[in-house]
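Each remark here refers to the structure printed beneath this line.
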Amino acid sequence: MPGNRFGKIFSITTFGESHGGAVGVVIDGVPSRQAIDLNGVQNWLDRRRPGQGRLVSPRQESDRVECLSGLQDGMTLGTPLCLIVRNTDARPEDYEGLRDIFRPSHADFTTQAKFGIRAASGGGRASARETIGRVAAGAVASQILKAALPGLEVVAWVESVHQVTASVDPLTVTRAMVDQSEVRCPVPDVAKAMIQTIELAQADGDSVGGVIGCVVRGLPAGLGDPVFDKLEADLAKALMSLPATKGFEVGSGFGGSKMRGSEHNDSFVPFAGAHGPTATNRSGGIQGGISNGAPVTMRVAFKPVASISKPQDTVTKDKKKVVLTGVPGRHDPCVLPRAIPMVEAMVCLVILDHFLRNNALQLGFTEV
Amino acid sequence: MPGNRFGKIFSITTFGESHGGAVGVVIDGVPSRQAIDLNGVQNWLDRRRPGQGRLVSPRQESDRVECLSGLQDGMTLGTPLCLIVRNTDARPEDYEGLRDIFRPSHADFTTQAKFGIRAASGGGRASARETIGRVAAGAVASQILKAALPGLEVVAWVESVHQVTASVDPLTVTRAMVDQSEVRCPVPDVAKAMIQTIELAQADGDSVGGVIGCVVRGLPAGLGDPVFDKLEADLAKALMSLPATKGFEVGSGFGGSKMRGSEHNDSFVPFAGAHGPTATNRSGGIQGGISNGAPVTMRVAFKPVASISKPQDTVTKDKKKVVLTGVPGRHDPCVLPRAIPMVEAMVCLVILDHFLRNNALQLGFTEV
Amino acid sequence: MPGNRFGKIFSITTFGESHGGAVGVVIDGVPSRQAIDLNGVQNWLDRRRPGQGRLVSPRQESDRVECLSGLQDGMTLGTPLCLIVRNTDARPEDYEGLRDIFRPSHADFTTQAKFGIRAASGGGRASARETIGRVAAGAVASQILKAALPGLEVVAWVESVHQVTASVDPLTVTRAMVDQSEVRCPVPDVAKAMIQTIELAQADGDSVGGVIGCVVRGLPAGLGDPVFDKLEADLAKALMSLPATKGFEVGSGFGGSKMRGSEHNDSFVPFAGAHGPTATNRSGGIQGGISNGAPVTMRVAFKPVASISKPQDTVTKDKKKVVLTGVPGRHDPCVLPRAIPMVEAMVCLVILDHFLRNNALQLGFTEV
Amino acid sequence: MPGNRFGKIFSITTFGESHGGAVGVVIDGVPSRQAIDLNGVQNWLDRRRPGQGRLVSPRQESDRVECLSGLQDGMTLGTPLCLIVRNTDARPEDYEGLRDIFRPSHADFTTQAKFGIRAASGGGRASARETIGRVAAGAVASQILKAALPGLEVVAWVESVHQVTASVDPLTVTRAMVDQSEVRCPVPDVAKAMIQTIELAQADGDSVGGVIGCVVRGLPAGLGDPVFDKLEADLAKALMSLPATKGFEVGSGFGGSKMRGSEHNDSFVPFAGAHGPTATNRSGGIQGGISNGAPVTMRVAFKPVASISKPQDTVTKDKKKVVLTGVPGRHDPCVLPRAIPMVEAMVCLVILDHFLRNNALQLGFTEV
């Protein structure tokens, strides 16, 4: 039942408060004899780490991953991997004045309502540090996937920041193109405009949101389940469980609701092309909850970061009105660049889990 | 692991192919001594039943629910409820010509790819009949919720059909307002335009999609989990597991990604008002994955129905090109009116499950 | 969380009260394209059916299994199977006088304590009819196993009844040998003595218990998990979940606790023999929770049936003393003969589930 | 699906190899605002620690528990607890000669068969060190239980070692009585004989097994589920998942199979006494899978430790015969004294989980 778990076969449990001893993840359901490169895991953590530049939180965490179990000479033993990252730059004193104040659009109030207690500093499990466990596990998943499905590519990018939007081709975008810009938008000119937008908000003591696009290329047909565990349902859950998300689309998304069936339907073609078995890909690579071999395309909306420096009205635990003059702590004016590896990690976790689920039930038949 | 399950405590398993003996659901994790009115369950099924009018599939199924277990004199025994509906109007002959043809944007191809076999007629688990089990279970959940949380209201409505959009106030809309129109849009004039739009598409042998809005009012603060099982993540999964869905939004949704933090943040107020503990409700009633007492607002995008009468290019199982002249079977030109109880059912299932999860871990403390 | 589920991949949910509309099972996690013969399932149900002879309950239930979903022309579709058996010979009037009396060593008292309500007649879920769903699912599992592991044999037998004990060789016993006697003991002379023992008890208005032995031959090495889901732990749970069980042993069992390590250890041998890879088999085919290829041997103790005709002291719901003169309803003087297919069913469910679990995590390596 | 998990609500995942970086546990499903004393957890670990005396393994591990998350000032936050113990006295060189040899009745062979790889030294997950995570979690569970059910007592004791058996009264035995002897048998004279038996076996380079008894007193009626998750089934699984176990009994156990119904049935009495609601307690405190308020009594058989110094025949990975002259590493001649806290821990985990499961489904009714 517990809510700190994700995945049915390749199944992770994350733990750790922002200002506690460590954050991390235990992965159960790991296939044995898989090569895992911890440097590769570290690379993913480095991509989501704060303190990378002007645009993100200045909190300095080296975020060095330590593997406590499950690996021997870089090979999985088939036993649980426990990966931890120590918290080293926690500054609880920054949060002193916040013990009894509910920050607007933060989880302070709801955490108190649910648990009757909350971490005295740092946001507890609602902190972005919670995602370290996910990203580490997602990096492990991506390495196992790479061996099992060599053609698989998972690429996420910043598609829009506030009102600035890039047009990105999901068939050709690469991780290299994404990472060449600090803001992780693969279109250089638009990336510049996004950076200006973020800096402008920061200068105003404000924050901005945006949209992340993601594509999975090279996914075979047959992943996903026909009813509750539709591939798009599991992706929706995975991505809507990231902090600050407000919306999810697959394929044609909300725009598709404005089309007629004759416009929206994807005709099947005799030979697989760029869109897999179909001439077009409004389905987003999933039909009836199951992948069809075309690229899986999706978009996730992130709200602007709740922590801003501008004064805000709020109340104390005792329901007294107060003005909060600048949320203390170190925060990103825009979470999207750091959220790229989070999105990729969650997508890899969903795909590996469904791949192993298919594996479980395949008793010797060949596909279509 | 299996994919025909939903819910961690109040946990359902649905079963049944469109043209098999029956469709239904087994509900495990049922609190004992709850009064369940099977007429109420039947009412929900009647709302999602085909053959209700011009706008929906003419398939005539009385869809009478039968309860095989778990109830005694209308009271739950705390044992599993098994609810079934016999399939009586299946016409497998309608599907004769389709055995070896992949209908565009249907699940024929992907079902074959995943399972190496598929129901010879009727769409199998990909049929809308699969949702009968969900709706029956959701109706049971709504009755248990009504007793436990008397103020709770779950209302869904058709917000847009194709390009026609209604503006609906989530604070005041009622199920009665929704049901007064055949198209289940609570704004009479817009409802009329929607009906025209659907009839026009139908006349063209075409279909349309749209957007369903949904609100949960009277939900207490504290439901949902801080990490993977965020309330919005579980709602996203629940709703994106419905057939034909392409997108999900909570609160401000994609629009929220275009705002600044200072515009988006919801200030806390000393006295609970229409938006619960906050002055505004861009959060959509959920903060940090946990309900805050404000109305939970969400939107779901449905693509146009894939079954249309217009000729379409497609391929056979042997990858031969064919033109499909009208998808046989009886289909809706627009799925949205019948999807209203499906949306409400899935939302009730999520909420009851989280309510019981909270129950499990509460060892005597009082809320905020 | 719910307690009417068993199995992680091949996962069943049973439902149904003794005197309700039907009892049955939904199986989720079914591999597709498996041939299932419903006559074979019916055979298993016939073996556990009451009314088979003098030794068992005279309740006459034809117990015809009906398959509502998941099969097409005898092949699995990869979707859930729902199998039901209607209750036709329920006689609730037999239980009239028992509404407010707690029968000794029955589940009346504890059901009331847990749920605050109980089935007015027939034992509800505590009835032996609850096992119909398990046996039907176990029969399906055995057919899938037979195709996947052609050499696999699961054989259970009555090893003792009251003080009468048979010596049975787990290496050679067959189902045919077991079924040739009404009491399902494969040693004819001992079988006769057992029958006399049961008849004697019955004549006294009393009941007897006994021990069932079970062996799994032809199981490959590698099934079971090293920690919580050890093969013997899952078998223990499976068998201790059957009604009236009081003990479980694997391999040397309690007797093994009286040996020294040098006597108990099973030496490995260069060539597989009757005991698989070891010269002896005190391990019972499992080492470190994982099968080693030797026959898996186990024993289950059943208490005497609680329903007896002799007068017994007990109390009413209001804690008033009463003498219960003969438990009404139709009951077995000895449950063991009918429990044979229950034991085999539970063992098949455990083995198929672990087989599929192994399948899930095997990404292309060859065994030892 | 993964096998390193236990519990449905209070749910633990253990991790760690014997000779890896650390062993530990993540606990999810923790009620908030519970006081947890880490010294108490340490005490439980000290009781299961090697190096405590002559009778157990001389491996010197301080086994200091470190809590990485979930606690703030000794109070649970409602978030996962991660507890780890570093491995400090691993001596992989002891295992050098064993890389390619299968030790008799160890998990070497089966681990290799399942995973195709195994820890090069120290037994990996099959080591007794794996139980550290369970004991730590069980200690946490016992503290939460103590607050919720103040009258609850869980006491385990060594009932027999090899052929030496103690007669222990489950109604009166206390943990203090158990711990006064190094061998953890509460009957001083028998304890002495047990110690001699162990020392004799050790002197011979041999090992011995035995039986552990356990009682749960003060458990309310109503815990456990009527079908698969019967309380005795979950206890059986919990205890049969401990290393070296071969048998489990509840209440009358195998002996009960030799009684008649009229002897075995427990009459209900108007006033609760030493055996709760019944005059006798052959049921062992559980009827129909649900606790009845009487003490829950059980017994677990442990085989003799597989690691002995005597020469043994075995084979190498290449199936070559070899004589193993003394199993290297540091081992216990008898595992039972150290297994006492393991048994108590597993029992506490089962009880707390079922307590929370009951909590989940109780919507305001009063018990019998």
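Chains: A, B, C and D, in written order; residue numbering restarts at 1 for each.
Here, a residue touches a chain if its C-beta (ideal position, glycine included) is under 8 Å from a C-beta of that chain, and two chains touch if they have at least 3 such contacts.
Note that the coordinates shown come from a computational prediction; the quantities given were computed from them, not determined experimentally.
Interface comparison, B-D versus A-D: the higher count of C-beta contacts falls to A-D. One inter-chain figure worth recording: subunit A and subunit D are separated by 39 Å, centre to centre, where each centre is the mean of the chain's CA atoms. For the pair subunit A and subunit B, the distance between C-alpha centroids works out to 26 Å.
Chain geometry summary: the mean Cα position of subunit B and that of subunit D are 46 Å apart. Contacts with at least two other chains are made by residues 1, 3-5, 8-9, 14, 29, 32-33, 78-79, 114, 116, 124-125, 226, 357, 360, 365 of subunit B.
Taken as a contact graph, the chains are fully connected, with every chain touching every other chain.
Subunit C makes touch with subunit A in their complex at residues 1, 9, 29-34, 78-79, 144, 147-148, 226, 356-357, 359-363, 365. For subunit A in complex with subunit B, the residues that touch the partner chain are 1, 3-6, 8-9, 14, 102, 104-107, 109-114, 116, 124-126, 130, 160, 162-163, 201, 204, 206-211, 221-230, 232-234, 236-238, 240-241, 243, 245-254, 256-271, 277-279, 282-284, 286-293, 301-308, 310, 312-315, 317, 319-321, 357-358, 360, 365-368.
By the touch criterion stated above, subunit B contacts subunit C in their complex at residues 1-5, 8-9, 11, 13-17, 20-24, 26, 28-29, 32-33, 66-70, 72, 75-82, 84, 114-120, 124-125.
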